[in-house]
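These notes concern the structure reproduced below.
Letters A, B, C and D mark the chains in the order given here, with residues in each chain numbered from 1 onward.
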Amino acid sequence: MITFGGVFSVLPTPFDASGDFDPGSLQRVIDLFLAGGVNGFTALGVTGEVARLTEREREAVLDTVVTHTRGRVPVVAGTTTEGLRTCIEYTKRAKAAGASAVMISPPRMPKLNSEAVARHFAEVASAVDIPIIVQDYPPISGFAMEPALLARIAREVPSARTIKLEDPPTPLKTTRILAAAEGVEVRIFGGLGGVFLLEELLAGAAGAMTGFAFPEILVEIVTLFRAGRIDEAADAFYRSVALMRFEFQDGIGMAIRKEVLRRRGALAHAGIRPPGGVLDKTTLAALDRVMSWVEATRAHGSRT
Amino acid sequence: MITFGGVFSVLPTPFDASGDFDPGSLQRVIDLFLAGGVNGFTALGVTGEVARLTEREREAVLDTVVTHTRGRVPVVAGTTTEGLRTCIEYTKRAKAAGASAVMISPPRMPKLNSEAVARHFAEVASAVDIPIIVQDYPPISGFAMEPALLARIAREVPSARTIKLEDPPTPLKTTRILAAAEGVEVRIFGGLGGVFLLEELLAGAAGAMTGFAFPEILVEIVTLFRAGRIDEAADAFYRSVALMRFEFQDGIGMAIRKEVLRRRGALAHAGIRPPGGVLDKTTLAALDRVMSWVEATRAHGSRT
Amino acid sequence: MITFGGVFSVLPTPFDASGDFDPGSLQRVIDLFLAGGVNGFTALGVTGEVARLTEREREAVLDTVVTHTRGRVPVVAGTTTEGLRTCIEYTKRAKAAGASAVMISPPRMPKLNSEAVARHFAEVASAVDIPIIVQDYPPISGFAMEPALLARIAREVPSARTIKLEDPPTPLKTTRILAAAEGVEVRIFGGLGGVFLLEELLAGAAGAMTGFAFPEILVEIVTLFRAGRIDEAADAFYRSVALMRFEFQDGIGMAIRKEVLRRRGALAHAGIRPPGGVLDKTTLAALDRVMSWVEATRAHGSRT
Amino acid sequence: MITFGGVFSVLPTPFDASGDFDPGSLQRVIDLFLAGGVNGFTALGVTGEVARLTEREREAVLDTVVTHTRGRVPVVAGTTTEGLRTCIEYTKRAKAAGASAVMISPPRMPKLNSEAVARHFAEVASAVDIPIIVQDYPPISGFAMEPALLARIAREVPSARTIKLEDPPTPLKTTRILAAAEGVEVRIFGGLGGVFLLEELLAGAAGAMTGFAFPEILVEIVTLFRAGRIDEAADAFYRSVALMRFEFQDGIGMAIRKEVLRRRGALAHAGIRPPGGVLDKTTLAALDRVMSWVEATRAHGSRT
């Protein structure tokens, strides 16, 4: 089984000028990120605009990712749905399409409770033999999983012992989950655009799973950290977090990220599917500014 | 164009013992409800468990409804999605499948705003020529549409002048929407299981669009009301609302409704797709009790 | 120690024409409700508009209730706050003012968790020796307490074994809490305007704690039920629930309730403190109608 | 009338070891921040733990701030409440205590709407002659004010033309509010711990109103920016934002901020009132690290 850790890039879903899925751009993103040294990909995540795809498009996206990646790194597929049955079906399709793992949030539902969440993960796991990454992102799922629940899932569902943690404060919650799960090996990925990556690593996280458009920076940070070169990891992080923070703005984060990937030559078009934030001139100018600064500072800052 | 009003029954999606869609049961529900005198059907609504269907299942459900109804009453299809493009696509499919209208909620999204909601309806309307029923159900959509916004949509989008109103207090909001939309003919359906039907009618609603398992009661109330026999309509309503209230319980409403339809001989199985509330013995016994009382009272209550 | 059960009326806070607290009207409400046979009072609850009172006004309200009640029935005082320290202080003041018990919700706070909630109740209990009624009303507290948490509080905090349950479906949750707390005597009051009182009693509730403006109806239902005359209790309930439902409308419930109490001669003025729903003509007319019907039906319906 | 702009520090409420308000520590914070060049203070804000103070404590805090500040800079007092009447009363008290302005959020209430919010500000303004800062912080108020509503309030309520904007993406919303309010001079403060200060200034904000524990950094950024030295302002910002981001963590932000102020010698104790996040060792170590880095980088980073 895969040992999850390092940097898994959550892939965007690129669209062409008419709004259709653009596989060529996605392939270029994959190439760019592989060149940056990422350890895996996550397709069909929230920031992959999965909620705005048809099922056929979902399949086309996942096929593109699996095919173009050619097994060089594992591919995780998001299969969150509002019901157990569809979640199992999407998970089966993902496995059949070649995904190495799936990522699943609690099913969105009024009156959801801990018991039902634990059962959901257990039943998906018993129906499909594939590693499950438990996504903890309350603003989207509508349900906050307490550390005790995440630890319970890890104990009861051996295939669901990796967590993508996006319920701040993530460093503190990382510590609490690891304590609550004592005796079971849980692996935690930070998310949230990388904005707390250093502190998550200090708290015991295994890496980052996020869509930040410069994953090579995350790779550098994680690699230094794992090599025990904590000060250098921290320096690299602090020099870059101004950009991560800017990219990860509520409501327009995905639009900014795609614009960066367009500037990096990967995306032909930066559009996101409506409704969604559209970048104004001021935001674009502010993006120019922070990108230049981070680039200059990182160049200058390379330590000897 | 259809004039919307009267009683439109929101149809359940029946499943068999293995959890598969059960078209035969759905046909029996349609027959039962047509015999009860309903003026239309709504398929693929929230209580149709649409969020737990695959696209193929959505299509099968809508085909069953359209085919079995055979044009005797209009069929509305729910086509709410989180993105404009998929909403347009589902709306086109619904029209092609024979739906007379579609029902659409604001697209669920963090940071949604009034402007984006108005644009969403305008763009669906300009892409597909079909009447749109605007669903106002904040617990599911996550967005509360103020009367001014609903009136604005009605003014700007002529095909979207019917509202399924489920944001309590619905009678008061009905009054406010009608005032705000002055000069534009807006038609409002109550929902919420019928629990405020009388008061909604008194405030100017055109009828009810809900899934209450005894739509003939709703038909009786609306018919009396429209005939100007308000006291009789009120009497019929007050004698029945204990049951509507019981059926429309948060978290288990759909499970109760299906159980009632099973008892009425329409559904082969009462199950809803997990996760979801399961009825315990006490709830089942309480259901027996309220059903018997309403039946007896209605029989007894036929007035002089 | 008091055994909580029966009907505890949550008292409104009456205001005069200028918006000042009106103790005379509150005294008349107390007299009216005592004449109706209630078993206790709750002052300073959510529907007592406690969030819109100054501390001095809170004290005036509680003093009026305690003084005027003269020990004939116990008085519960709401002491919910957003912090532990103020909650303890308000609880001390309530005890000093003569309250027999306090009612406390989880402290409203982003990122609240089960652990912190359990600790909150434990610390209030250890600071003040007075029975605590745990209020479970998520729309106001912002936190849903699962049955396991309520059972844990009951086990760990002996003075906090009474629950005012307002998280629907309340009958089902009543069953679950009683099961989860097995071995500890937990007592559950229904709330929610009485709208599910019968079903809550069937599930094991000890009574109702709510502000319904005709508590004598609740008293009749609970008394019949406790006497084992379940059918009669149910009949009384079903004949009245149309009114409870109407009164308990989201957003304008308190305005309706005060209008009813004005009509009953208890309140000099029906106003609630702004901002808040104001009743329009249609709502007032609908109120006339449902009040008349319930009155007539109850008169007529008295069983032999 | 005051022209609001620059850096207004939101003051913490310090407590001593027993949890009592500690005026000496508050005075030291004021001295530290005045030495840092701030343009004003805001007392009794959300991060001043105002929700956990009694009225007497509120008064003690405000008196300490006004008295110790001695008019050197204006003092804004938070007077948000859930009702109009208490808001007016608190606003009167704040004015009498010497506050130069008040800060008010929409009153928290289910079913709140734009109309009621506009009326709330208008009525406070007509009752008390004092500048009002409109706080737009949806996670606490529970209500998102759209740009059109904020512009409407500015047009209709001349004393309420300053906004503390904390609804991300704040730079984009700043642009939209200024556009919507065209013709009326609206002034916007950023908040959110300073995490988007540069971008807010680029979008037209007048400054920052936040509690960041190093306000001298904010002062430097705003001063450079206003002097047209944008690149230097940006450089100063980017070098510091790693710390702002760390301090401004959901759920534990206030605990971190107080710990920093303790380390800076201002607070005798760093405790916040329970319930609330408590800092663990990992968070404290991460704080050491980011504080050292920012200090070193800022020292080193003085440009040539």
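Quick note on the criterion: contacts are C-beta pairs under 8 Å (C-beta built on N, C-alpha and C of every residue); 3 or more make two chains touch, one makes a residue touch a chain.
Everything numeric in this text was worked out from a predicted model, so none of it was measured.
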{"item": "Joint neighbours of chain D and chain B, given as chain labels", "value": "A, C"}
{"item": "Contact-pair overlap exceeding half with B-D, pair selected from A-C, A-B or A-D", "value": "A-C"}
{"item": "Chain A and chain C, separation of their C-alpha mean positions in angstrom", "value": "46"}
{"item": "Whole-Å gap separating chain B and chain C, where each centre is the average of the chain's CA atoms", "value": "32"}
{"item": "Centre distance in Å when chain C and chain D are each reduced to the mean of their C-alpha atoms", "value": "37"}
{"item": "Junction residues of chain B, two or more chains touched", "value": "169, 250-251, 277"}
{"item": "Chain B residues touching chain C - in the complex, by the definition given at the top", "value": "168-169, 171-172, 175, 195-196, 198-199, 202-203, 234-235, 237-238, 241-242, 245-246, 249-252, 277, 280, 282-283, 285-286, 289-290, 293-294, 297"}
{"item": "Partner chain D, residues of chain B touching it in the complex", "value": "113-115, 144, 146, 148, 169"}
{"item": "Residues on chain A engaged by chain B in the complex (per definition of touch)", "value": "19, 49, 51-55, 81-86, 89, 107-112, 116-117, 119-120, 123, 139-140, 250-251, 273-277"}
